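This is the structure I want to talk about, given as structure tokens.
Residue numbering begins at 1 within each chain, and the chains themselves are lettered A, B, C and D in the order written.
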């Protein structure tokens, strides 16, 4: 059939074109399928669910949520919808679980999942209570399961580039780290009251970044903070604006500035300065389009909040977790990383309360 | 059970937090499911396949490709894999088709799909031969099916912003349009020989952009072009570098510059200048991270090529097509749009050949 | 005296500090003094006067202007103020003159100054009438005096950097040149009527830039232009908006876009694209300060007009002229350069009038 | 004479052109002449001398320097060159003096100049010793002369824009100030030993900026610092890298980071964040030209050092001083400003030495 012959020929040519082997192209993964369960289907659970649909060779077997409804089977196109997470852990088909519940539930669920032999991806922070956390760490070690904490910013391409520059020697000896981290708007007062405080809820990401970006450990912290946005936050015993100075064990120093409200959007910048140069990750915007008028040259604000800015990072952290589950590489954000960030948050709180420099307690 | 009570309470609080209603957040679509078939599973077919997995309420019923293999059922997790596209058209479950085959096949497949009552998404250009194209247009009109041409750049957020500025009056009367469009590397010579020439293969996107960005029609074109990158391209009767001047019916003017090889990556910038201001869409980079060294301050190159730069646009064009199929809005890029871009490419070729200004023939 | 001892010591230390030998530091010139006269004290004459005060070893002996007033001796702190330029030329103390009068006076004044043996800095264009211009060129050659045309943009640091990149091989083979040149507001209708038309008055700078940036000669031009800003300009036989395509002798191509009114300020950008890379000079702003608000991230507009943007270039062109007068280097912008820019303006006018491609006549 | 008639007419037209009244244009000042003397002709004295030549209606009567030479009369084209500054003060023609000597000489010279009734522009810092400084302040007050401290950064256009945004309410309530201030290379060890330490020599500018940018007073400081660049600096009892946290009286907070060596140039950025927005002044570069290659998109480094970055500010500070001398406006940087910056430097040193938060002592 002449028609099909032409079709075939033209198509083959296209397939052989140099375009076909382009960098960053499309490929279908041949990885072994991983069957998972999601525990907790609130905001972050839904974020992960959305991203999982774009990841090859991962099958969501069941979803657990205390508020689960019958129509979720259809809504999420998942076989099992349960309300008790033990049902997920008892399912021998499930190899790994994502724990996306409120923080105070993390340690017990981690312990139960580890005992059930599941690999675990757990949202940050790993817990509030030091004793519970250490028990969970112990359970994970004994069970020998993989455990990754969901510090999504480690998977942001912009921050990743800073680490690349550090690792390839472009920055020389590290000297100064600067992290700007400001939310676009404060959470509800209900949220604030159960958040564990600004350091445990918000700065904890920055503490993890401080360790991730530099590859170094913080020795001491000094904090100054205040209530500058909403008096209610102060009445709840929290603050909304802070500057945190970090003194690292290797002598370098760093500073984090936090605000619960930057009216221009989610301000997330990091800068690492060393003897050979500086790497600086700027904010990300929706578009590169500027408008020049008689008034000024105006560009887009930073992306609104973490769901926009870090959507790609959320996907990459899951891909990384599944890579670790498959044994392709080490876990990129360990339980110890989760604990060290908490220790920094606790030291920061103590510095704020005492007005003095505070040593960071080791694990 | 106290444990579950706490769980439920904390969870409910989280759900009620103001964070929950954030802009740009995650939602599950309630749209009616559309069942589709993909005809042609080369490079661009795979791009669309990948994006379809992220779009809710669309089911890929079958994939057709002259080179299809048995294991594609598993590879793509699709029910039917066929080699003859008529099998797709004969399937009454299928509401819409994506035509992703080589250009010379577009008109006949469009005619057949229209006769079968399928809504059609067809890759650009809609064809090479004027007579065939008009026959296909006729068939689509008679059948009353939806037809969208795949000019993906219409769905790029950066270019879209320029149109926003134009439509909301920020630019005043349009005066000058500038389009920079340079590929990172030339295609293979095999590809060049079957491409229909630079204007039909590459500039056709820019011609569509010229119409989309301005909302105006081009009256005449003048082209100067040359072979500056690869003599083989010249031997094949084509050029690799060109500047195209556009004279619009409303008196405004524009210019496109094309190169088949920008060593720094895919250079895709557009600027619209008017009596009240200018909107300028710059290139998109992988990261916002810069490196300051003793030599300079260096940032990322533009994203490598169209799969990187326009990946999101490819997804958005399909979402838009499905919106049109559902009747939520008009088709965003019509058959007429497809023909007008071809007319511009033909006029450009004639201007290059004659060295003179050429009028653009209307449909 | 102990006090003075300490003073002396501390001072000596300061002088020996490494800071003292810093790059770009302050130095006092030891160059031989050049005595000059300024002919024409309108806007541009005053610009040069202001800059001359910052240049070492140049003495302004006399100022000539048809509208000169008695109090100018005090106003400008200059010895002689005259109304007839022959008095300047007859002054044997004067080595060089700056001709800053209206264009139609340039050729005769050049001839007279050359005959008087003065080195000449003449504002652009060198004249309107071809025959007069050639006579002036002849007189300059016969007299053997230095002659520099005032194409100030050749001395802009940003554009200079593009030439650096070209000369050091960073750009490879030149392929595409793009010049954006838009004024912030149209001149008065009086000015328009005596300007010689947009190409001779405004684009002439861009034509010179096209030659300066590329180091290549233009073979043919094609122009499309229109009246889009002010109908009065059309009634005066001129246009206010244009796109000029340049076809160079070496096969490369270029495009200039002009507007008499960019509401956001003086838009002066140049881009040179070659086989190894691209150099792009962006606009210059008053400050680097941005303001991020709930609306956008806004930066400064480009500097208002040529007096702001090119003030430093005006100074550097005079320094360069005096360097040539002293024999330190060749004249950086010759009489021939002045004529070639005029030839391009004349070809552009002819292309606009005929709607066809026009060859550029050689000298 | 027809020729002159045409000349006159054309010229008149030019003069009447709208161009003539352009913003930011050239004008000759009609201000009353101020006669001055310069005391100390080291590096900074020469900087001021160079700038004075561009300022209208200021006459340099004499220059004093302990190392002055006879040929300076010709070199600087100044009437009197003296070695003893009392000769300057005794000259009744001199209205104002610039004190550009080493810091330890500032108080006594200030006292003597004030007693002689001269208006005083004094380089920063106003002195090292608190008692001497207060005596000098007292002398200035008693004499009723104008006194301005040379904190040149107050006259930088970029930083000035931040203050504009603050004053016009664009920033709302101030919350966070960030100052990045890094030198391109450390001074000689001789310089370091006589510098008064990093806080008094380098950070003192940043302390003044902290007050100038915010319009607020600092209550307490906390410093962490280290020797990270050159061990010799440590042996001399100084540090080369520091992070200084500022706690303001109004509750807002700030941070300064300092380094004696940024290999990419003089890094001078300031950011003021408030309830309604953020103003951010970025570094200044020599050109806006970027080079896009297969490696990256590279732009200029920040200008090398203060003579490049702040050259315009040095000129503007003198213009401002002369404006104050003429009574046109208040002194923009007072003796009190000079003392407050010193108090901050002293508090910073104490915080570094004690590792604790230190209150800033008021004047």
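Rule of thumb we're sticking to: a contact is a pair of C-beta atoms (placed from the backbone, for glycine too) under 8 Å apart; a residue touches a chain by one contact, two chains touch by 3 or more.
All of these numbers come straight from a predicted model, not from anything done at the bench.
Counting C-beta pairs in contact across A-B and across B-C gives the higher total for A-B. With every chain reduced to the mean of its CA atoms, the largest distance from subunit A is reached by C. Note: centroid distance subunit B to subunit D, computed from Cα atoms, is 55 Å.
Separating the CA-averaged centres of subunit A and subunit B is a span of 33 Å.
Our note on geometry: subunit B versus subunit C, Cα centroid distance of 44 Å, whole angstroms. For subunit D, residues touching at least two other chains, in rising order: 262-264, 276-278, 291-294, 300. Interface residues of subunit D, counted against subunit A in their complex, comprise 173, 175-176, 178, 180, 182, 222, 224-226, 228-229, 241-243, 245, 247, 251-255, 257, 259, 261-264, 267, 273, 275-278, 355-357.
Subunit C makes touch with subunit A in their complex at residues 262-265, 285, 291-302. Within the complex, the subunit C residues that touch subunit D are 4, 6-8, 10-20, 22-26, 28, 40, 42-43, 46-47, 50, 53-54, 65-67, 75-76, 84, 101-102, 104-105, 157-162, 165, 170, 185, 187-188, 190-191, 194, 276-284, 286-294, 300, 304-305, 307-308.
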